[in-house]
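Structures are listed in the sections that come next.
Two complexes come next, and they have one chain in common, subunit A, joined by subunit B in the first and subunit C in the second.
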Partner chain A sequence: MRKTWWKIVCVVLLFYTIIQGLIGTIPRQPILNETLRNVYFHVPLWFGMMTLMIASAWFAIKYLRGGNIQHDEYSAEFANTAMLYGVLGFATGAVWGNYTWGDPLPKDPKLIAVEVGLLIYAAYFILRSSFEDEQKRGRLSAVYNIFAFAAFMPLVWILPRLTDSLHPGNGGNPAFGKYDMDNRVRLVFYPAIIGWTLLGVWITSLRIRVRIIKRLKTEQF
Partner chain B sequence: MQEIKALIEKEIRLEWRQKYALNGMLLYIISTVFVCYMSFKLKVDIIEPITWNTLFWIILLFTAVNSITKSFTQEGAGRQLYYYTLASPQGIIISKIIYNTLLMLVLSVLGFVVYAVMLGNPVVNLPMYLVSILLGSIGFSTTLTMVAGIASKAENTSTLMAILSFPIILPMLMMITKLSKSAMDGLGWNTSYDEIAILLAIDAIVLSISYLLFPYLWRS
Partner chain C sequence: MKKIIALLTLTLLISTNLFAQQEVEMADKMREDGKIWVVVAVIAVVLAGIIGYLVLLDRKISKIEKGL
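Right, the complex of A and B next:
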């Protein structure tokens, strides 16, 4: 029970999010209308992805400092789940954009940033698969992971704020918090962020365990 | 400082001795420009300013990827081990970046001249365009040198080089095309301070990260 409490929290929060997202009341907004419900799914997925990417880079740094192969496995699996969240966030965003902006893939710096981010992490996995030696793979992919992270962050956080963007909070658009969210929405939105992030960590921890077991098995024979 | 100077001198001397590599790069950029000339200028004779600019930067990007890839692969493993005993990894990466910047500057200025002669020169604010070429050369060489270091350790170096570097270099490329497009349209300097500042900031980030991470790369 010692380590399961956060999994229970995760399930409860996600059930709360889904139920509130489907049948809860939502403030009426022009253009947005009922699509505001997507704010419980699309936005938390991005927050989760960012957290997972930071975790991945963090374990890459730890690996470089210590050389413990387990940290490399952590880093790779966090990147894996981050990519899954990225694809999901992209899909939910496309659905949302279809109904509010009239186009699933409008020209928008944030969309470009995410496409680039997915390309970077796809390249990261190709780089990983091209090495046989464990230590060498760990070191080189950790170096690329940190390098890519440092190149990717300004792309997501700085550039969209300088150019015109359709997203709220960018390019002079007001952020969501100011007008669109009332306290009822916030009461679901913040738990949703925590819930989705915890789910990402949970998926990652399961995959890490599978990976470690596989490694130990191959080491035995 | 002494070390970096010696290492740069060594790179230049090495390049000068194997002239085929340098001449190969020069011919590469000239023939690419010629292909563009054949397919645009001869066929339709009009080329939109935005196409002119983008085409130029794509040519430069491919030239940069091709010429910087060899900065680690042309030296054998034995010789790299020898450098490892002589110089510090920081000295090596810094000298390689500076050398690649110089190489890219030569190649891109020459490329620009050939390109302007063959496809016409619609640039109004020439000094600003040259500044964008300078910033582009610095940016390309800092990012690509580090990626070349990673890719050279694997077997399929050239494929890895492209897929690893293109997504990282994209934001820089977007800023450079924006800056050079305003130079083409003859806008004043004060409209482009933002882009120049962002480019310098990205360069600084990439440079410091390379400086910190290269020792780990070198060890393998």
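Right, the complex of A and C next:
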């Protein structure tokens, strides 16, 4: 194990999230009822995905500036885990929506925006796999990665706010904290975000290391 | 004056009554005797399994890295 301390933080936060998240008291909300606890599991996946996407775009820029192939690998693997989190967030949202909105996939601007955004990122992987040459692949996919990032963030954060959305805090001012959360919820919600994000970083770091090993092996022979 | 006070208290009583009727359904029973701890334990075991798997994977990769 390398650099264990933040992995221990991740594990502790996740266990805290599950135990306190299921046992702790939450505000009584009609329709939502106990499903408000999904805030500890569904929403952090999206926050984690955003963080991973930021890291991915960061390393894409770094690759373009320096041309170090390792930065390209970092960028690709961060995008990979971000996709995993996005798909998981989508699936958990569909289950939650089924029981609270009465439809797993309602015509909600945020859902449509995320569908488009994830497809943009899916195209990133197709683009990557279509090049043989390492440098060409690195350069083009880094440029595309920055474009995908620049398209995704306004799609998910700004566009749903311009119309009406079922998601709280959309369709007007972001007022998520006003009616859904109280301090008891926040006490679990924020650690949950950090914990799930760290788990994503951990998975990414493993994938990056496997990738680097593979590259070194092929360079040896 | 007394009548007004009586009326006020009456409306207040009614309104608190209404407020009590609007109680939101929660899994109170489940928390009382519904063995929710068992569910928490099961999910914790699942998470422990996933974390253990990641730790093993991490160690394995470290070992390979040393061999390179």
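Basically, the second predicted complex is superposed on the first by the 216 of 221 C-alpha atoms of A that agree within 3 Å, B and C clash if a C-alpha of one lies under 4 Å from a C-alpha of the other, contacts with A are read in each partner's own complex, and residues count from 1 in each chain.
Keep this in mind: a residue touches a chain if its C-beta (ideal position, glycine included) is under 8 Å from a C-beta of that chain, and two chains touch if they have at least 3 such contacts.
All values reported here derive from a predicted model rather than from experimental measurement.
Looking at the shared chain after the overlay, A:206 reaches subunit C, while subunit B stays out of its contact range. In the superposed pair of complexes, A:91 makes contact with neither subunit B nor subunit C. In the superposition on chain A, A:11 makes contact with subunit C only, not with subunit B.
With both structures placed on the common chain, the touch criterion links A:19 to subunit C but leaves subunit B unconnected. The partner that reaches more residues of subunit A, of the two candidates subunit B and subunit C, is B.
In the superposition on chain A, no contact is made by A:105 with either subunit B or subunit C.
After overlaying the two complexes on the shared chain, residue contacts for A:28 are found with subunit C alone; subunit B is out of touch. When the shared chain is aligned, subunit B comes close enough to touch A:139, but subunit C does not. Note: no residue of subunit A belongs to the subunit B contact set and to the subunit C contact set alike, using the contact criterion stated above.
Within the complex, the subunit A residues that touch subunit B are 64, 112, 116-117, 119-120, 122-123, 126-127, 130-131, 135-136, 139-140, 142-144, 146-148, 150-152, 154-155, 158-159, 162. Contact residues of subunit A toward subunit C in the complex are 1-2, 7, 11, 14-15, 18-19, 22-23, 28-30, 33-34, 202-203, 206, 209-210, 213, 216-217.
Subunit C makes touch with subunit A in their complex at residues 23-27, 31, 36-37, 39-40, 43-44, 47, 51, 54-55, 57-59, 61-62, 64-65, 68. Across the complex, subunit B meets subunit A through its residues 143, 146-147, 150, 153-156, 160, 163-164, 166-168, 170-171, 174, 194, 198, 201-202, 205-206, 209-210, 213, 216-217, 219-220.
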